[in-house]
Amino acid sequence: MEYLNLGKISLLIGFILIIIGFWGILSQKNIIKIIVSFTILDTGINILIVSLGYIKGRTAPIIDASVPQLADHNVLNSIVDPVPQALVLTAIVIGFGVTALLLAYAMKLFKAKRTLEINQFNDLKW
Amino acid sequence: MVSPIYIVAAALGVGFAIGVLGKLGKNFSGILTLLTLGFMTYVSSEWLYAFYFGDQVSTYVFTAGYKPPISINLLMGPQEAFMSTLINVIGLLGGIYLFFNFGRKGRNAFVVYLVFIMSLNVVIMTRDLFNLFVFLEISSIATAGLILIEKGNRAVGAGFKYIIATSIISSILLIGTIFAYFYTGSLNIDDLVKSDLTTTTGGLIAVFLILIAAILEMKPFPANGWGLDVYEGSHQGFSAVVSAATATASYFMLYKLLDIAGNSWDHYIAVIGAVTFIGANLLGVKQKFARRLLAYSSIGQLGLLMLILGLRTYLGDNLNYVVFGILLTNLLAKTGFFWLVGIVKAKTLKEWAIIRRKPFFLFLMGTFVFALIGFPPFPSFFAKWTFVMDLAANGGFVWIAVILTGSFLEAIYYFRWFGYAVKADDNYNFSFNVRWHKITPIILLTALLYIIGYLTAQHTELGRMINFIPLFFVLILFALDFLPVFIKNTIAIIGMGIYFYFIYPSLSDLKLLFEVIFMIGGILTLIAGYAYKGKRSGFYPVAILMYAGLTGLIEANTTLQFFFGWELMTAGSYFLIIRGKRSMPHALSYMLFSVAGAYAILAGISIANIGQLTTSLSIFNNIQYFPQWAYGLLLFGFLTKTASVGIHIWLPGAHGEAESDVSPMVSAILLKAGVYGVILALIGMSKSQYDLSSLTYILGWVGALTVLFGNISAVFQEDAKRLLAYSSIGQLGYIVFAFAIMTQLGWLTGFTYVINHFMYKAVLFLTIGAVVLRVGTHNMYEMGGLIKRMPLAFVAVLIGITSLSGVPPLSGFTGKWLFYNAVIEKGWYFQGVIVFLSGGVAFLYLFRLIQTIFLGQLKDNHRNVKEISIWFLIPIYTLLAGLMVFSARPQWVLQPLGDMIANYMPQNSIRWDGAYAYTAIGHWTGSGVMMTIGSVFLIVFLILKLSTRKAHKIKQFDIVYSGERPDRPDTTHVAYNMYAGFYKAVWPLTVPLAERFWNWMTELVHEAAGFTRRIYSGNGQAYMLHIVLYIIVLFFITIGSSI
Amino acid sequence: MNNELIYIILALGIGALTIIMAIIAILNKKLSIAVVAAGVVSLFASILYLFMSAPDVAMTEAAIGSGLATLIFFYVLNKIKKYND
Amino acid sequence: MIRNFLIGLVLASFVYIFYNLYVSYEPKTELTGIAAHYAEQGAKEVGAANLVTAVVVTYRGFDTMGEVTILFLTASIIGFFLKLNKKDEKKVIIHKGTSELLVTSAQLLVPIIFLFGVYVFINGHLTPGGGFQGGAIIASGIALLIMANPNKEINHHAILWIESISGIMFVIIGLLGIALAGGFLDNRFISLGTFGDLFSAGAIPLIYSFIGLKVGAEISNILNKYQKSQKES
Amino acid sequence: MNIYVKLAYTLLGFFLVLNWGLLMSATLRKIVARVAGRHGIPFYQPWIDLLKNIGVRTTLSHGFMFYLGPVFRFTGAVGMFLFMPALFGSDMWSNFSFEGDIVLILYFQLFGMLGMAIGAGEGGHPHSAIGIARGLAQHAAIEIPMTLGIISLAIQYHTLSFTDIVAAQQGGIANWTIFTNPIAGVTLLLAALGAMGHSPFNLVKAPNEIPIGPPTEYHGTYLGVLMSSGVVLHVMEAALFMNLLFGGATNWVEFIIKTFLINFYSVFVGVVFPRFKIEQSVVWFFKVPMALGILAILIYSF
């Protein structure tokens, strides 16, 4: 049962996705595929972050509006860590921005050489 | 004090507003952007001012009204203020430079640029790790966007590589950040520093990931292909900003984060920095394209910054001083350089010859080159100095070697490039246009460089004593460059005269002797300048620069002042030398040997400095640690200037190809600077408590071999000036040998040679130079029989070579006689024999000089040449008068010199009795011999003249040929390959082994660079592989074993 | 506690599917399938967030990661297809 | 071959690194550090029921500003990346077979989606969701619009104005935080109100609304650019 | 001693040396001729030649330096005589040797050479230039054994003064340097071969190649001056080696015998060996003489 902690499982999934992401980035020649790998890498990192904030058996970090007065002590023992969630929000948005930019680059690159093979774009070297 | 948060607020507010206000026009957006950048600059510089001139203390800015780590905070301290001011200044100037480039892309480009600069400010100031990540992402994305203001496929490819690389890096940073948070419960960097994060495995890995990301942002070699491409591929206006501003931010990020690991990462950072610094500069050597060269150089500078950071324990409190100096110079000069590249638009380095169509640009380029290499008076000079001194003080000798090696590699390509700009053939049909908005920022940068350099010198304890008066004189001459040569020459001569007049009373002994050589020699050689017509653009500032350096050497009381003077002198002489028509490669090799020599001197001083309580030059007399190394390095450095055998290959070309009045300056005068250094080192050695005789023994052999090889090579020259140049090598060998003897007699010999060589080499170079001006060739076999056309020149050369050859009664013999006595007294017989044998060899080239130029048969096309210019004759005959006085009354000079030497070399081995000199083994009287010989000569001459009074003069070609004249006069002249027979006998001694060796070294460096740079295949995916491999390798090196 | 166990089992299943989808995204030759698979990875991830008491993140991931990002991918694919036609 | 080997090596090493991270990971059982502070004091200090919102908008509001900036930046960059020339601008996208269903449902759904988006960000401090989610939802509404009618010119100016104004307002509110409360982006210059009310938590609903509008406008802008780029030949 | 008396003795000495030189050259030429089976010249031939040369009208001049060549040459010869003590132990015949030592003589040899070279150079005849080039090259090679040997002597006697060196050799043949320091002696004798300029080291004037070499353009009085300096130089070169190696001379007879023998030795070698090409002669000095010279120093420096 020790291993069957949701946090641990998610962490593992996150790691595996990150490695798959790296694998794709390093092995795929097609630029779109590389970008896809990036989104997978990003997702993996996001899962990682959220799972690090997870505490077994606790609720989302939203205080029930009906019991504000009791919040003090109970809240501390009833919610998961809000900080990683806040960070992930930022990370997702950043990831989206980067993906959009990468795709715009992909279009430009394709327009330039009519190919998406990354090893064709080596005008600058040595 | 305006809170730094307004930097962010203003940038974002304006950025968002431009979305709608931009409708009012592109230029409106642009001006709004510039105003905002100006505001940002104002805010940061206000803080900077308050920190350095007020008593401002570091201030935290809290966001959201909560103290950290509850919410994000920014820190504004002296360093932050400095860095962000730099970034904002560069940002503002870059905005001006790129104004129309942005404009073409629409208002969005301005917004992106504004946000970019803002994000770098936040990267500097923020104390929150995740916040750092966010703003780092902003800067990467903005960079990726701005790369595309340059058109073409290259920029697109570069941008793509850049963004995938930075994405990987920030992913790594993010993973590290979240684990750091997980283990410490805080994202505040100060908290992380305080935490015991590195005690757990997870924490250790987290720290690793954070730091490796910060390191990768610094583009470490070899995982930096993407960075190179950005510098090369994007618009140069923007590359400049990336190279300067982003680099600053990345450095500071690493600086902030490094504390998380305590000191445990310092040595890794240092090694990474060293590898990057040397690797990047090595590859730069092979580079032919201007843009990519700058890219390598930028990477190299990042490596240097990492190196400095990694060595911070050596530097202690001086870290920031060093970093500021390097950063400031690097930033301003590199930025200017990138912008210059953007304007000039020449692709290959050779095409940069077009820059000299606009001389002002050449001046800008020269400023940047010299600033980047760390010449005075730029801040990097002082920074490098302090760096090396501190390293040595703490035993970091290997690091000194690394830094100097890297800097040397950098010097190679920069000076080659600059050489192309000054001298390469300019036959290109494209030119470049300058628009005000592009040149204004560059001029501002250049002005800043000089001003900050001056201020740095004034505000450091060390530099405050440097005498800037000569440098201001140089500036004045720069400003007056439009005047005709006559006026400028007068100003220069009067200036030097006045300076000498005021400096004269404060000098004595050694200093006086050399100052007289430098200043009086300088004035005399300058007189020859009247012979030139027109403006002679750029000559006077650089000539005076050299003399400023020389007099700086003399006036130096501290090691820093000495080195300052040394570098100025090197710079000035380099410019003088490169003025020659074909002197491009020679000026380069001169500069490289000079730089290497200067670095050796620097290293030597740094070792000498260990454990000293003073910075005075007297530390040479009292070197406490590693004296062999210290003196060895110092001597090596000075010997590069005196062109000792093996490191002499720069001299023949440099002196031979220089202008007619420059050759005597760089030969008769400049070489003495090296001698002065050698003397200083030897004085130190004589006072040292250690036994350093092995070092002087080696020095003696070096001197002796230099004499031999210098003289033998001179014999087989066809080029008159090269012949004299090789002769100088030999003569300097005598001097070095004589001083190495380390006795009173030896030194007296040395000084005699110093004085003699100054006079006769000046005479010979001036005369031959003037002849060359008349006949238009250096090749002796293209001259001949000129005695009839220019008898005064002939007499000058005759006296010059008689003196040089050491034939009594002229002063050359004084040296020879002292030499014999010194050598036998010392017991250095074999070295002595080599030296004396070379004296005989000298005879060969001296005769060749006079025979092939003045005697024999006149060339048809020289039938009407005139006597050499009066402006040359004046200094020549003044010097000849000096020479004759020195010959007739050597005791006038030698006696006081001997007394002076007695201070250092206490043996009393020479005794003067009026004009009679006695040593333990010999005796001689200069004036007596002169009188005897003179009277015999006169009597014989009169008798002969009387008995042949009826003889009438005949034409030169009227020679005994059994009554026939089968040849043309030209072909009857014995000149070409004159010593063929001798050559057959001694050719093994003329094999240019040194040249081959250096060529081989050059080849080796190029091959190494050519091989290494293949890793930059241009494939973005390969670059990503490099990055992850780099991470992996570093992981196993750093913490792999400890988890 | 029961809830937790159910979540764990579901998470294991979703995790396996996510990884399979990720591998598909990388190995499949057809770009459109790869893009869709990546979108699905994102979608599964948002479910995982829900399990981990992170509804805010789940919403964001679903809307941005799997929705809008995939949409942009398709714009680009469409464009490339047009060029190739 | 060497390359594949190196990739394998890299991945194996990553597995090793992550394995080490994984085995050293001990699931948390307690809130520590700043999280504990937020849990204990968050409601009192900020007045938001959704602590994630409290963190995002106030405690780490500066990050959020950066985040908004990133989207803004991306939109701007894509703006000049995918800029069309005048000729292409006028072209019409020939779309084959946009289904009747899509068009109809778009007309029907878009207002509801917009409303939902607004709801999400206005209630960001109380319920899950907030500016980003709301903005994304609004943007998906616009995406649906565009898909239904590729040639429809969505009101570019309106988007720009919304984006600009909400961005400026975000900054101004941040500055008001300095002027009237504890620091940049401090939400307490408006009374915290009653905990749990819609108009509570100081400036948070205001900020989150502007963020929502801005994010929505920015993403729409990006989508719009991509849509237009289809015209380019 | 009164300077004028000194001057008078010096002049007389020079006159003696000049006549002895003329006589010696005639004798040597006669000997060589006899060896070759010829009759040879009469003993008085050199005087006749000299008078004839001075007597004929000198019509041509190539210019100022052309004059100076012989002047230099003659001054060089006179200087050689002046700066070396002719007879040991005699105040009257010590000439001006108080003004300098061996080093002065060594370098003063060059004075005449240089002047001659330049004067001949102005003559403009290619043969002159070729001859000078050869002469200088050969001289550079001769310097090797010369300096090695002299340094060895200087180490041996701790002096560079002629008077002191000769003084040290007094008191019997066994004290001569040639016996006390035979290696240096042999080295110097080899150098003497070169310095004397007879075959095999006479390429400078190589008669059948560049007729008489440097003085090609000289005639009349010039030639007379050159000739007289030549004979004086021969004597004084021999006197140099005499002083260094053979105990010097205490009276004129000894002087005459010793200088004659030294000259005879070099002529004798010349008769036996054919002429060297210039590179051969240079290389030759780099071999045995140099090795011997090094040995001579090594012996004394340890």
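Each chain gets a letter, A, B, C, D and E, in the order it is written, and its residues are counted from 1.
By definition in this document, a contact is a pair of C-beta atoms (placed from the backbone, for glycine too) under 8 Å apart; a residue touches a chain by one contact, two chains touch by 3 or more.
Quick caveat, the model's predicted, so the values are computed rather than measured.
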item	value
Mutual neighbours - chains that touch subunit B and subunit E alike	none
Leader among chain pairs (count of C-beta contacts)	B-E
Intercentroid distance (Cα basis), subunit D paired with subunit A, Å	15
Rounded Å distance, subunit B centre to subunit C centre (Cα mean)	60
Centre-to-centre distance between subunit E and subunit C (centres being mean Cα positions), rounded to whole Å	107
CA centroid of subunit B to CA centroid of subunit D, Å	55
Per-residue multi-chain contacts in subunit D, two or more chains	7, 10, 14, 21, 25, 28, 34-36, 38, 50, 52, 60, 63, 66-67, 70, 73-74, 77, 81, 128, 132, 219, 222, 226, 229
Touching two or more other chains - residue numbers and ranges from subunit C	55-56, 60, 64, 68, 72, 75-76, 79
Listing of all chain pairs that touch each other, if any do	A-B, A-C, A-D, B-D, B-E, C-D
In the complex with subunit C, residue positions of subunit D that touch it	50, 52-53, 120, 128-130, 132-133, 136-137, 139-140, 143, 219, 222-223, 226-227, 229-230, 232
Residues of subunit C defined as touching subunit A within the complex	1, 4-5, 7-8, 11-12, 15, 18-19, 22-23, 25-26, 31, 34-35, 37-38, 41-42, 45, 48-49, 51-57, 60-61, 64-65, 68-69, 72-73, 75-77, 79-80, 83
Parts of subunit B lying in touch with subunit D, wherever the complex brings them together	3, 5, 8-9, 12-13, 15-17, 19-21, 61-66, 69-72, 105-106, 108-109, 111-112, 115, 119, 122, 128, 130-131, 134-135, 137-138, 141-142, 144-145, 148, 179, 181-182, 184-187, 200-202, 205, 1022, 1025, 1028-1029, 1032, 1035-1036, 1043
Interfacial residue positions of subunit D with respect to subunit A in the complex	4, 7, 10-11, 14-15, 18, 21-22, 25, 27-31, 34-36, 38-40, 42-44, 49-52, 54-56, 60, 63-64, 66-67, 70-71, 73-74, 77-78, 81-82, 126-128, 132, 195-196, 215, 219, 222, 226, 229
Touching residues on subunit B, where the partner in the complex is subunit A	130, 134, 137, 141, 144-145, 148, 153-154, 156-161, 163-164, 167-168, 171, 174-175, 178-179, 181-182, 187, 228-229, 232-233, 286-287, 292, 1013-1014, 1016-1021, 1024-1025, 1028
